[in-house]
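Note that the chains take the letters A, B, C, D, E, F, G and H in the order they are written out, and that residue 1 is the start of every chain.
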Amino acid sequence: MDKKEIKILLQEVKDNKINVEEALKQLEDLPFKDLGFAKIDNHREMRVGYPEVIYCEGKTVSEVKDIIKFMLTKDNNILGTRANEEMYNAVKEICKEAEYNKFGRTITIEKKKQPLTDSYIAIVAAGTSDLPVVEEAYETAKILGNKVEKIIDVGVAGIHRLFAKLDVIRGAKVVIVIAGMEGALASAIGGLVDKAVIAVPTSVGYGANFGGVAALLSMLNSCASGVSVVNIDNGFGAAYNASIINKL
Amino acid sequence: MDKKEIKILLQEVKDNKINVEEALKQLEDLPFKDLGFAKIDNHREMRVGYPEVIYCEGKTVSEVKDIIKFMLTKDNNILGTRANEEMYNAVKEICKEAEYNKFGRTITIEKKKQPLTDSYIAIVAAGTSDLPVVEEAYETAKILGNKVEKIIDVGVAGIHRLFAKLDVIRGAKVVIVIAGMEGALASAIGGLVDKAVIAVPTSVGYGANFGGVAALLSMLNSCASGVSVVNIDNGFGAAYNASIINKL
Amino acid sequence: MDKKEIKILLQEVKDNKINVEEALKQLEDLPFKDLGFAKIDNHREMRVGYPEVIYCEGKTVSEVKDIIKFMLTKDNNILGTRANEEMYNAVKEICKEAEYNKFGRTITIEKKKQPLTDSYIAIVAAGTSDLPVVEEAYETAKILGNKVEKIIDVGVAGIHRLFAKLDVIRGAKVVIVIAGMEGALASAIGGLVDKAVIAVPTSVGYGANFGGVAALLSMLNSCASGVSVVNIDNGFGAAYNASIINKL
Amino acid sequence: MDKKEIKILLQEVKDNKINVEEALKQLEDLPFKDLGFAKIDNHREMRVGYPEVIYCEGKTVSEVKDIIKFMLTKDNNILGTRANEEMYNAVKEICKEAEYNKFGRTITIEKKKQPLTDSYIAIVAAGTSDLPVVEEAYETAKILGNKVEKIIDVGVAGIHRLFAKLDVIRGAKVVIVIAGMEGALASAIGGLVDKAVIAVPTSVGYGANFGGVAALLSMLNSCASGVSVVNIDNGFGAAYNASIINKL
Amino acid sequence: MDKKEIKILLQEVKDNKINVEEALKQLEDLPFKDLGFAKIDNHREMRVGYPEVIYCEGKTVSEVKDIIKFMLTKDNNILGTRANEEMYNAVKEICKEAEYNKFGRTITIEKKKQPLTDSYIAIVAAGTSDLPVVEEAYETAKILGNKVEKIIDVGVAGIHRLFAKLDVIRGAKVVIVIAGMEGALASAIGGLVDKAVIAVPTSVGYGANFGGVAALLSMLNSCASGVSVVNIDNGFGAAYNASIINKL
Amino acid sequence: MDKKEIKILLQEVKDNKINVEEALKQLEDLPFKDLGFAKIDNHREMRVGYPEVIYCEGKTVSEVKDIIKFMLTKDNNILGTRANEEMYNAVKEICKEAEYNKFGRTITIEKKKQPLTDSYIAIVAAGTSDLPVVEEAYETAKILGNKVEKIIDVGVAGIHRLFAKLDVIRGAKVVIVIAGMEGALASAIGGLVDKAVIAVPTSVGYGANFGGVAALLSMLNSCASGVSVVNIDNGFGAAYNASIINKL
Amino acid sequence: MDKKEIKILLQEVKDNKINVEEALKQLEDLPFKDLGFAKIDNHREMRVGYPEVIYCEGKTVSEVKDIIKFMLTKDNNILGTRANEEMYNAVKEICKEAEYNKFGRTITIEKKKQPLTDSYIAIVAAGTSDLPVVEEAYETAKILGNKVEKIIDVGVAGIHRLFAKLDVIRGAKVVIVIAGMEGALASAIGGLVDKAVIAVPTSVGYGANFGGVAALLSMLNSCASGVSVVNIDNGFGAAYNASIINKL
Amino acid sequence: MDKKEIKILLQEVKDNKINVEEALKQLEDLPFKDLGFAKIDNHREMRVGYPEVIYCEGKTVSEVKDIIKFMLTKDNNILGTRANEEMYNAVKEICKEAEYNKFGRTITIEKKKQPLTDSYIAIVAAGTSDLPVVEEAYETAKILGNKVEKIIDVGVAGIHRLFAKLDVIRGAKVVIVIAGMEGALASAIGGLVDKAVIAVPTSVGYGANFGGVAALLSMLNSCASGVSVVNIDNGFGAAYNASIINKL
């Protein structure tokens, strides 16, 4: 309701076309429906096809179950991240279609099949130890309706394996690079493709790796220009981000 | 040159259509021109419209001048980042069209006018102290051919100012958020828009800010899902990244 | 009581104006009541209504039980923080009225009902994962005799939920803000209310969160002016502090 | 303007007491002035007696001058923090009443004399080297209208000097403790007074002090319960916070 | 296959000595086998005597078993690092010759006896607590075909024990120094021998050792010139590196 | 054996007072027994009354048992630090007199009663949670033959309790201060006594305590001049150090 | 003097056994002499021969001059640390006898010649770059009345130079070890002498030295038992501490 | 002088072939010349061709001049690192042949031409900004008598440039990799060559680079096995190390 519409409303009051009570009711809702503030209210949850997301870590099995029970009353798809098997079993009791990705530790419930995108997200990972993050990213991207290509075990130390997969990586609309240890893969790929690269440092490593800090700093300081970074082990965030870009 | 073409070539040798020397020459170039490796060689610099970039910090005035002199022999636009005024003056001597953004510390030379994108990048910044990073991002985005909207001084501590600009931000195809101190703006905007948000922590602040680390960690840990992060004060990287996305 | 007064007192004894017992009583209190040192002695423990506090982490079950047994011999209320269920069960054996807050991990024994304050402390938290800290703060504030309002799950990523509760927050005399991850809520609220805000970073998060450091730095660097910070997960300290202010 | 007032307005339109244009104008301002959102807009700057604050560090002399010039058009008092002498001289040109605190590096312009509070803020500092932070806090507290008592050079290493001033400290409504090096003073005072203690770590020290980190961590881990902390060297923030509490 | 050989091949095609299909097959492999890019492909794994290496940490027992099963199909020796006893038992089921070093947590399978080098690697360690790293280095060096001398418990605090072994250390072609706590041994030996010293900081220690960081920094800052460093506890990397040097 | 003695020896050879073999034997030991280098060899272990020390953490039960078994063949007292109860039980089997301090996690075997020093070491601790470090220091000091006074629970937050014990602390020849959290006690005592203060930060605390780093930094930055610091939780080192001083 | 004794005293006054003046005198001293608090007041400044110390860093030239002017009114010796030459010149104007140590950056004013100790403090330093800290320690020790032996340039990388000076080091009553880079010298000496070793890490070094942190951590983790540590570059603190021990 | 020789000496004394004084003199030198300890004394400086090294940073111009003046009295070549131009000019006054490498900040004085090695050290650097470290390594390697190949500007972001130089790199006996920012080049090369790789992180970069820490951690965590690391910017150390290996 913009200025013009309010003017019309006032004119109608003046002209006795609507009574004061009715006009009041319409104006009352004004700041919540039509103005900046109102837009906030509705912007995310109402969007069709967006899944409800629950971060399970640090929650009890029954808390996870209860939250998902409540989510099931709505029409959205559901994604539980950092979920253990026990949580999954509890969820399974109330929802047969729930699926569990053991490596990615995700619970997914797809209530309405998402139409897949034509373009795809490439998820590239340095080593098999990065698999948990790869799978979290994969499940997130999938439930958000994206086509995904996974390219695993193409670390910088054996760079020829990376070259063998370059076509698949370059064919993507956006690339997620997942790497632990020194995280050099992000720079290598950032220099080889001309796509937005979302880098995920993983906590894979030991000693001066400091739980992923080495890879994180490496990626933030990438000499390749098109690389941005998400939190350590945050496969979900990378995929969520990539999904926004892939759907442009 | 794929398998089929090599077969044809061999057949031609066999049939004496071309001689051995000629065939050898063609095959010789094989791994550098047509295979994975060759693609690398040409992928970035040859792309039309991409500017040459020079990071001036830590270089001497005459080094900057020499490098840009060489760049001018090619046809690309040129972007110098972290350049001081002295460097600019030296460059100006060899190139009249060179322009300097004092706040952003960028030298830009636009040899061919770039066609602007229809969609735009929103550059949102928390405070006026973040201006140097804003301007670096702005000049980078512009020379890459992007339409840009700058929204300054909309920090979280005065959140109503942010709301007043929400429409402009939401209208963008991709959003760059630049903030120092506690960097909370990235989360706030990440929760309000449904676009990819590229967050740039700045070194603005003091004490436990640790030169931008507070904002960096804040942004990496953002509770909003669509946020990725680049290095502290890296306005260039954010804009480069945003440009890739804006042109999708 | 200075030298002159003591001399007068002694003269009165000599002159039989007051008897020895009475003089003794006056002198007895001397070093403890009138001098700097004496003030120290009495300032905290003797104050009516202040609870005895025991930090249970790192103590054995029987140590906790023994300490509380001793505390029960005095008249004060008792608050045990960071207590596990086993500790509670042991305490229950010696004190029927002991209550346990499972989330906040507090044991409370209210020997004399505290009169509640008229004004209230608002405890605002970003997410349900911050609940343990919320509950520790809540129990602490309650046993110190404060009226408390809890406002949960109003994180920055869904800022409209925060606005819906703004009146309750603004109605408080002092506000505790509890948030993990990037801790941006402290800045957002600090910018929206004109009350003293005591921020509690929580260790909720992962990766570059570094066990709450991200939120801690974020809060220390808050661009909002009225924010002060306590240790990571220190719900007790925040509530203790807030109680002092709420009772002004 | 609440529901009742809007109803009256509409009735006046209906009754032709005011015309549509005029009513429109009043309603137009509605969401910015009277509703939830509007409260935000006005909550800080409009408050009587609150000074405009400008953080001068990293700004040029002429930027500081321009901003203060603009501020002078409004009726509020003005506080510039982290200002150097050159900035002050520039400001002096446009405002004779501007005063400069050389140690605290503050510029203050008091356009209307503030009524002083009855209660006072105690600013306690460990050493004379902490003076810059002490003075920043002092000037901030004063321009916010608070009575202030400064107690300097009462570090923990000579604790008897602290005891000699205990009465003044205990008489305050809220206490600011400023200390560098190991910052132990905050704990010592926190254990001696029953007031809210706002601790300011300073960057005074060297080596493993790490620019104030030692004092910061010390204060965050204080074994005394009533201590909260602001950023390193943030005298302004501490005083702003203390002012809110002192005016309760 | 170099230029000359390709020419011969083409001549053979021309001369009908081999048919097109056959020549195609040989050329097809060209870029992967004989040219710059191809060298990459084969450079490491195919080298005679080089073991296959598997880093077992973070893998499940059955994953380790499966990977080694696959490795056994090739002719190389096998080294599993950071393996627990359960993994070893699983491997033993499929390969009788597998051996386990309990302290070094290595699984080794020596399919063809390596000829030993004449020169030797000296592995020098400060204390018995560094044994796990010593043994990992030892097993790695051995399976790579090196003669090794272990000199244990010669920490800097009892420097005479080190002197007693100086001849053995000086007789080596390259020296690995393994030390936790303050890691001073690397500097001491670096000052006493004229060989390349590869230093391995270990996570042995507590408190301000920070899991090996103290020793790491100490070694990186060694005042002795011939010292280079690998990651904390990385006995494997040190031995791999030393092996390259020992075989020069 | 100095120059004069060697000369005498040679004269005796010349004079046939001793034969060549015998003289050779005496000279053979020369560099190891009598010269600079030799002093090293014998300086510590041979000293009467010095205990053998074994750091048990990270060793297996049987390793601890074996090492102590070997130590028992010599005449010295024995101190095992960071030992668990299982280790103690194993040691008890081979040595009835072995004693265990459950809190300090020390095993002590006193083969010859040490004569006690006249002067004493004061061990002062902030809280009961610091007990494990207190007891480790206590057992170490005792087996080294020192008289010890323990003063517990005199933290800075209740400074009057500290004053009540000042005489005992001042009576000591050297003072060990053990404190976690913010470690302010070291500064407070350093300012109150004129003895060498050896400060031990403990890992007691949580959040921004970072496992004792807060206390460590606090103590290193102490504003009191006579304070030196040992590693976090290093009760043994502090007592060893104090013993050297106490015996001066 | 307890309750009973005061009662007796009062009875004596009453009975005229002692007069009021005499009783007053006894009571007068009560809070200042017999209680903890009184002792505090007198412990440091009044001690004969102790110098007044002023830390000059961060003070202005005129502040330093004023403070020393005031100090000169008392009878003590004076030590100014971290003083620059300009400060010294200013001090010289008001005190001819002031001396300046350029390397150590100390101003010393010896008003009464101190009697030297018989025993001496050994100050041992790794390299000539550590000289500033060596000289600060030296001047401090001297003005406190200690005999001092300096042993310079005996770093671990050339350990034979250290051995050549071992006798001098071992002859000391207490040893100060000053070293930058990896700080290994503290451990080496700690293992060679049986004296209390006070280690001073210096900020000499670069890169991963982190301004002395490498040496600091190295020294805190020393495998030698008799080493305690003071702050980075804190030559004053080490010497103050050593002086206390040397005078035992 | 071994056991046998001493026996002969004693026999000669006995047989009056040499007198006691003479024998004494020979024995006197024993521990310093022929035994373990003596070896230390002579091992490094006496070696022919080894340069004297002086680290100039933090020294005054005249100190550098004096030290080099003294060095010139010996016969060795001289290398000054981290020297500025002013230092060089001063040195030039006393030694005409002194040369200065402006980028590498080295002063070299080659008194006797070193015979060059047949094999060479490859110095590979990511970017032109790493030049100072490259040149320091280059000058060091050269004065130590090594043949050197420099390969500059082959960063990971343009990996094809690296491939073009692979043959030169693979031809080296040992490889130095110098890289700032994320330091990924070390891993890339470590995976492509089978030589010992000595990695030098440089402080080139900004923000979360933390003065070279990002590259340092990256290199320490390299997924390639043959990589060891020296301190940030330590071109000298890398070349010294490489020289030892190159001369094997």
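Assume contacts are C-beta pairs under 8 Å (C-beta built on N, C-alpha and C of every residue); 3 or more make two chains touch, one makes a residue touch a chain.
Remember, it's a predicted structure, so these values are computed and weren't measured experimentally.
Colleague: Which chains does chain D share as contact partners with chain G?
Modeller: Neighbours common to chain D and chain G are C, F.
Colleague: Starting at chain B, how many touch steps does it take at minimum to reach chain E?
Modeller: 1
Colleague: Comparing each of A-D, B-H or B-E with D-G, which pair has over half of its contact pairs in common by residue number?
Modeller: Interface equivalent to D-G, from the options A-D, B-H or B-E: B-H.
Colleague: Can you tell me which chain lies farthest from chain C, using the average of the Cα atoms as each chain's centre?
Modeller: With centres defined by C-alpha atoms, farthest from chain C sits H.
Colleague: Mind checking the rotation angle between the two copies, chain B and chain H? C-alpha superposition, nearest 5 degrees is fine.
Modeller: 90
Colleague: Suppose you list every residue number at the chain C-chain F interface; are over half of them used by both chains (same) or under half (different)?
Modeller: Chain C vs chain F: different; shared/all numbers falls short of half.
Colleague: Can you compute the centre-to-centre distance for chain A and chain F, using the mean CA position of each chain? Integer Å is fine.
Modeller: 56
Colleague: What's the distance between the Cα centroids of chain B and chain D, rounded to whole Å?
Modeller: The separation of the two C-alpha centroids amounts to 40 Å.
Colleague: Measuring from the mean C-alpha position of chain A to the mean C-alpha position of chain H, what distance in angstrom results?
Modeller: Here the centre of chain H sits 51 Å away from the centre of chain A.
Colleague: Would you kindly tell me how far, in whole Å, the mean C-alpha position of chain F lies from that of chain B?
Modeller: 60
Colleague: Provide the list of chain B residues touching at least two other chains, using ranges where the numbers run on.
Modeller: Within chain B, residues 36-37, 40, 44, 158-159, 163, 191-192, 207-209, 213, 216, 220-221, 225, 231-232 contact more than one other chain.
Colleague: Mind giving me all the chain pairs that touch?
Modeller: Touch list across chains, by label: A-B, A-C, A-D, A-E, A-H, B-C, B-D, B-E, B-H, C-D, C-F, C-G, D-F, D-G, E-F, E-G, E-H, F-G, F-H, G-H.
Colleague: Which chain A residues qualify as touching chain E in the complex?
Modeller: Chain A reaches chain E through residues 128-129, 158-160, 163, 204, 206-209.
Colleague: Inside the complex, what are the residues of chain B that reach chain H?
Modeller: Where chain B meets chain H, its residues are 37, 40-41, 44, 55, 57-59, 63, 201, 203, 211-213, 216, 231-234.
Colleague: Please output the residues of chain G touching chain C within their complex, sorted ascending.
Modeller: 3, 6-7, 10-11, 13-14, 16, 20, 23-24, 27-28, 30-31, 35-37
Colleague: Touching residues of chain G toward chain F in the complex: what are they?
Modeller: Chain G residues touching chain F: 35-37, 39-40, 43-44, 47, 53, 163-164, 166-167, 170, 173, 191-196, 198, 216, 220-221, 225-231, 236-238, 240-241, 244-245, 248.
Colleague: Under the definition above, what is the set of chain C residues touching chain B in their complex?
Modeller: Those residues of chain C that touch chain B are 126-127, 155-159, 181-184, 186-188, 190-192, 205, 207-210, 213-215, 217-225.
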